[in-house]
Amino acid sequence: MTSRLRRAVDNVDLQRFRFWFQAAAFVLFVYGGYLAVDLGNSLPMFSCGYNQEGRAGVCYLLPLQHQLSRPWPQLFGWAGIGVLTGFATFFLWFIVLNKGWCGFMCPLGTLQDWLTSLRKRLGIRYSLYGEQAFNRLTWVKFVLLALMFLIPLAIGGGLLSHDWGAPFCQICPGRVILPLFTADPLQLTIDYSSIGTLVLTGLGMFIAGLFLVGAFIKKRFFCFFCPMSALHYLISKPALLKLKKDGDKCTKCGNCFNVCDMEIRAIADDLERKDIMTDDCTLCLKCVAACPEPGALKVEFARINIFQATEEGFLKRMNKGAGHDACKR
Amino acid sequence: MTPANVDTLPFNRGRQAREAEVMLDKLVDEFTDNPAAMAYFYDLFRRVYIQGEALERPAAPQVGMTCIQVPEELIYAVGATPVRLCNGAYHYDQIGADFMPAKSCSLVKATLGRLQDQEMGVPRVGKLDMIVNPSTCDQKKKAGAMMEEMGYAVHHLEFPNVKESEAARIYWQRSVRDFAVQLQKLTGKRLTRKRLNQAMARTRRAQTAFRALHNLRKQAPSVVLGKDVFLVTNAYFFDDLERWTDAVEALVAELKERAAAGFNAAQRKAPRILFTGSPPVFPNLKLPLLIEEAGGVVVADETCSANRMLYDMPVVDEWLVNHMVDSLADHYLKPCTCPIFTRNDDRCRRLLDLVRDFEADGVVYQAYSGCQVYEMEQRSVGKVLNEAGIPMLYVETDYSPDDMGQLSTRIEAFLESIKTRKRQRAASGGQA
Amino acid sequence: MAKATLSKHLFAALLLGGTAALAWAEAAPGDAAARHAPWGDGPPPWVKDGQVDEAAKAAYFARRAQADQAATPSAGAAAGRPDADASPEAKRAYWQKRAAERAASAPAGDPGQADHAGHAGHTGMAPAPAPAAPAPRWGGGRDALLWLTDSPPRRGGHAGGRPGGGRPGMTGMAGMAGMAEGGPDAMASKRVWLRAGANPLDAHPASGDETALLQGPDGKAAELPVEAHGGPYNVTFPTPEQGYYNVYLIRRILDQDALEVTAAKAEVTRAGMGHGLSREDNARLVPARTDARVPVEIVRERKDKEALFTRVSYGDAISFQVLRNGKPVQNARVTFTSGQGWSHSVQSDEDGRASFTVIRDYYPDEWRLFDKRHRETWLVAASFTTPEAGDYQGGRYARTRYTATLSGAYYPGVTDYESYSDGLLVGLAGLLFTGTGIYAYRRRRVQPYKEVRFDD
Amino acid sequence: MNWFVGIDIGSTAIKAALVDGDGQLVGVHVTDSGSLFHKNAKAALQALLDGHGLQREQVSYLIATGYGRKLFKEADDSISEITANAIGAHEAGKAHGGVRTIINIGGQDSKAIQIDDQGTVVNFAMNDKCAAGTGRFLDVAAANLDIDLEQLGDYHFNGKGAPLTINSTCTVFAESEIIGLLANGHGKEEIVAGIHYSIAKRTLRLAKRVGIEDRVYFDGGPALNRGLVAALQDELQRELVVPEHPQTTTAFGAAILARAEWLAERRGV
């Protein structure tokens, strides 16, 4: 890339760019259905399938859980091909943006970022987990991922009745909140028809309430427990978009950790690892924007360096950030 | 050349001014092509250190700082003015000696000596309403009590000795927040987002200017001598922030022209030296002066009177006062390579990084006799540099000028060994 | 900064609570399979304090088998009823013999009552709301009201029930009943029974030999000959495509001077797999159709945005149109009877339309036994008399009495088992609980060191 | 024929060395520094040249080294005594199979230098803060025992008893300690040996800081003292290379460097 173009990209005001990108993605994935946009049903982020008319494609977790809950003879027989093609499509979508899907495209993530900016405007402090809580809670998403596989398989095997179908979707705040954006309050219910649905829809509603408060107080609250993020991480090795760190240039000033929504310590403390994206990361790239050391943190798409930390870019963003917010009060 | 009012000065100021004058004259006169923009700094030191002129300071309360680990932005934000009290005068070193044990850090002795002179102490910044004394190195920590004896209001800023752990980080954030509350009591002004934001903008402008200067020193042939940069950063201790930043920006502009013209400030093939260790504070620029007199050039430094004080810049994610104060606390703790921490691998990595970026040929490691932390780190830093094939000269000195003879011999020998090594490497195919 | 651990423990506890509830639900005695156990609630009699006593179990089922035999009308049953996979000839022979016995022994009254006794005693259900009037007798006609339905006649076991049996693991979501039997290629088919009796609860299977008329989703008419084997009249037909299949049975009886024409109609849907039909298919398949061969017909009017999957639920408004050779019939007497026998009659208005609201009459004693896929059958009968005269099979008649029947299924509505209020309540509880939890946590954090906080 | 001179203006003695065109040492001259070392240095140079019938102009290149190197205007160039000592020892050591470590005990300081096989200084340590372990310590001790410096070597070997341990490290206190020992009737020989061993121990500690590699070259005035050489060899447990003129190695090094610089300038490197 010519150096002038590179300088322009490195000096980008990431906050503004990401805000508009997320807004566009939100409109696409929540209202795309009205424009007859249909990107299939293997999307790697929460374009919720319950938002019947508006959705531009279905989040892969819904069809995955349906396919897995087919009776075993079918599932491990001819229906298995359906599962594999579904996963292959999901994988192809995923490797393009890696976990950038969470940071830039996911409507639920965007919703949480909007809640965060609302809190910021109201002048309310955000909360942090602290290292101990972080280390314990980072496992929850893998537990949820395992349950999301096991429960449908149990249904297929006849161990659980069909009321447990699509278990994660029933407790996911996305199912309850995203359809509200297309004026469809159908999901705001507790289903008493059986134990399974009662427990799951009850949990779903409670978690929706918890989600609203959590996302308001803690930045990207739900992404910390999201099984999709866990699934992403398991298959993130061959992805094209990568977050790279050069330990030698790092002065361990901790700026990247300071701005990280997900409160990841490894970004600042780990000097050996080159591919620095951890399981919690959403590739929102705020760390690269906050790094003053040229070339210490950079984003590569198929090994082409598309955005990297530069001193000039850092100063421009800091001055703008200061000026931008200072005039508010 | 005796300044007009020297006889009216009380006797003890006389010797202090003499010492500063000898050093400043050496710094200015022995080098032919000093940048024009340095005139501001030479004149500043002449007025403050030699004529003993009182600095015109804003009427706001003065807050003295004995270390870089004091968040200046908070002081500016509550409307006070910070001044760094670390002192380099051998004269004050002798006065301070009767507070401290024989073999102890000259810098702390000099600082105590200067504080002993109350308002008459040079640089004259008037009455100090509060002195902030972070519990970084031991001798400075203990000196806090002595300052209280002298009648100063001392705030002991609790600083952790470990920086990797979560507990240390929280402990430091709490003590910085507590410090901010004390500052608010001192000036009666509340810490608001707007004031803190403006304060950070001022220091950020200063840091940006310093970084430009820092990056210019990577030029080979080098465009500015190390002694000038030390003067510039030493001026940051007491000078008005805006005036200092303008002067540095002017200097940077001039140096950019020099770089374009390919001007060489040092001799041809002068060995490029990285200076680290105890902070050189005017008038004790003895070691850098000796290096550059012997034909070397100090291209980079890793000391808390220059690079470590101004290099790393804070970032703020959300512009709310609480998070701004916390990120300031993080910014002072996490990147710091001060030897008072338990581990010094950050410092070793930083030194190797600087050597690589600035293509330094050798490292001069200054340790004030009695400063155990720097003396003890000499071993590990030496090992790391040795493995990287970079020669290091370890110098244990103090503020007295009487070992300049011996030091110059050592430094000359060190520079000569670097020159012969470079010539040999150049002769034998120049492999690194 | 361990500033706010933000009720993480709470969330984890909630998650655990959820899985514990799940485990408790599984272990609960009354799970789906044992629902409507014939021996009533509680553990089966052959289970003695947790151990299954095989001998007692075998004895119990043997006794049950006799009881079934006794309950069936033909008291002196010859050899036992042919089981499911006996050869068709054996089954036809058996039924012809049964029909002959029934014809001989049936008292003049309504044969349906006897059958009804079989399962009256068992269901401890609250008695269905007393039918407004005893099922009206349709003139002096030999048989009660005739109607076709795709729900099999009741043979003991639960009232109502699910098509295709209640095997757990039945995929409910996508209505893939047809799929469940065979692989994708097995030819799907449907079966329709003729029932007699005004009250679907106790209407007994009727017999007959008329040829059934079939109209497929594409409007193609066909005829389905049925040999009169004396057994319950039923007809099976293939359902290759998705859509509505209309099956008609027309019976004409001369009763003194009036000709009774009864047209029984069943509208059966075949909804295949796949994610719903495209918009064009829906437009083609969903609208109601009439059949020229049928003198009188009741047509159920479609709700707006109705698809093949749409179900009639309790509380829905359901409206019919009575047509005579395609023309609406004014003030015909239209009676709607619910699954438990509750009925309501109205006169059809000037364009033959009559509308009712489907009442809820499914009240399982424990809410845990509630089955959201519980299927009930409603019956609509329209009758009117026209002064047409003519002769039929040698008899002269001065007026004709037309009777049209239509049956269909209805299910519990979403509102019967989903509650918005509770949902919002729990959501609000979650919101308030965590909100106040965090607020309190921040206010009086129990930390040895008093936190310093700045508020803007 | 070109001539090159290296003059080492030390704290106690001024040493000058004359080297001919192809780098061979032709002559040396040693005089006391005295107080007017500038005048004495000029006199030493003149004496050296007269000794070989040369004029000042015939000297193509002259390098001064030692403490007074910067103030000796006569010199064409100046070099630190560490580098000069290294080059001198490297050159002189070739005859003995190469040297890697140099121990120089001067009048008022003591140095330990480590060089690589080209003679470049790798690492060095100096004790220039305290007179203990330097020539001054020997002078003071000899004066107290009123023995000449030259006799110290003989006294060391004539001693019958084991060498006494002089435990005070400081020159001034050592003086009072020696007087005490004399008063207690100890033999001068044992005291001299004790002094030699105390200097040797200090020098060993200094050398350890730069690392000791084989063939240690020992020079400087006190190297003339056989007793001290023996004590140092005993402490170091290594073979010591002591040149014939240990005092003038640094001056010799300066002369060699003068020739090299002169040749380099001619070739315009």
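A, B, C and D are the chain letters, set down in written order, and residue numbers restart from 1 in every chain.
One rule holds for everything that comes next: a residue touches a chain if its C-beta (ideal position, glycine included) is under 8 Å from a C-beta of that chain, and two chains touch if they have at least 3 such contacts.
No experiment lies behind these values; they were computed from the predicted model shown.
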item: Neighbouring chains shared between chain A and chain C, ordered by label; value: B
item: Chain pair, A-B or B-D, that carries the greater number of C-beta contacts; value: A-B
item: Chain located farthest away, centre of chain D as origin (C-alpha); value: C
item: Gap in Å, rounded to a whole number, between the CA centres of chain B and chain A; value: 45
item: Between chain C and chain D, centroid-to-centroid distance (C-alpha), Å; value: 117
item: Intercentroid distance (Cα basis), chain D paired with chain A, Å; value: 75
item: Intercentroid distance (Cα basis), chain D paired with chain B, Å; value: 40
item: Sequence positions of chain A contacting 2 or more other chains; value: 123, 125, 130-132, 329
item: Of all residues in chain C, the ones touching two or more other chains; value: 1-2, 453, 455-456
item: Set of all touching chain pairs, with the criterion as stated earlier; value: A-B, A-C, B-C, B-D
item: List of chain D residues in touch with chain B within their complex; value: 67, 79-83, 109, 118, 120-124, 126, 128-129
item: Parts of chain B lying in touch with chain A, wherever the complex brings them together; value: 164, 166, 170, 192-194, 197-198, 200-201, 204, 208, 211, 215, 311-320, 322-323, 327, 330-331, 334-335, 346, 349-350, 352-353, 356
item: Residues of chain A defined as touching chain C within the complex; value: 66, 69-71, 78, 123, 125, 127-133, 136-137, 140, 143, 147, 155, 158, 160-162, 164-165, 171, 176, 185, 188-196, 199-203, 205-210, 212-214, 217-218, 221, 225, 329
item: Of all residues in chain B, those that touch chain C in their complex; value: 166, 169-170, 173-174, 177-178, 180-181, 191-193, 320-322, 325-326
item: Complex contacts: residues of chain C adjacent to chain A; value: 1-8, 11-12, 14-15, 18-19, 21-22, 24-26, 28, 31-32, 168-174, 183-184, 367-368, 370-372, 412, 414, 417-420, 422-424, 426-435, 438, 442, 453, 455-456
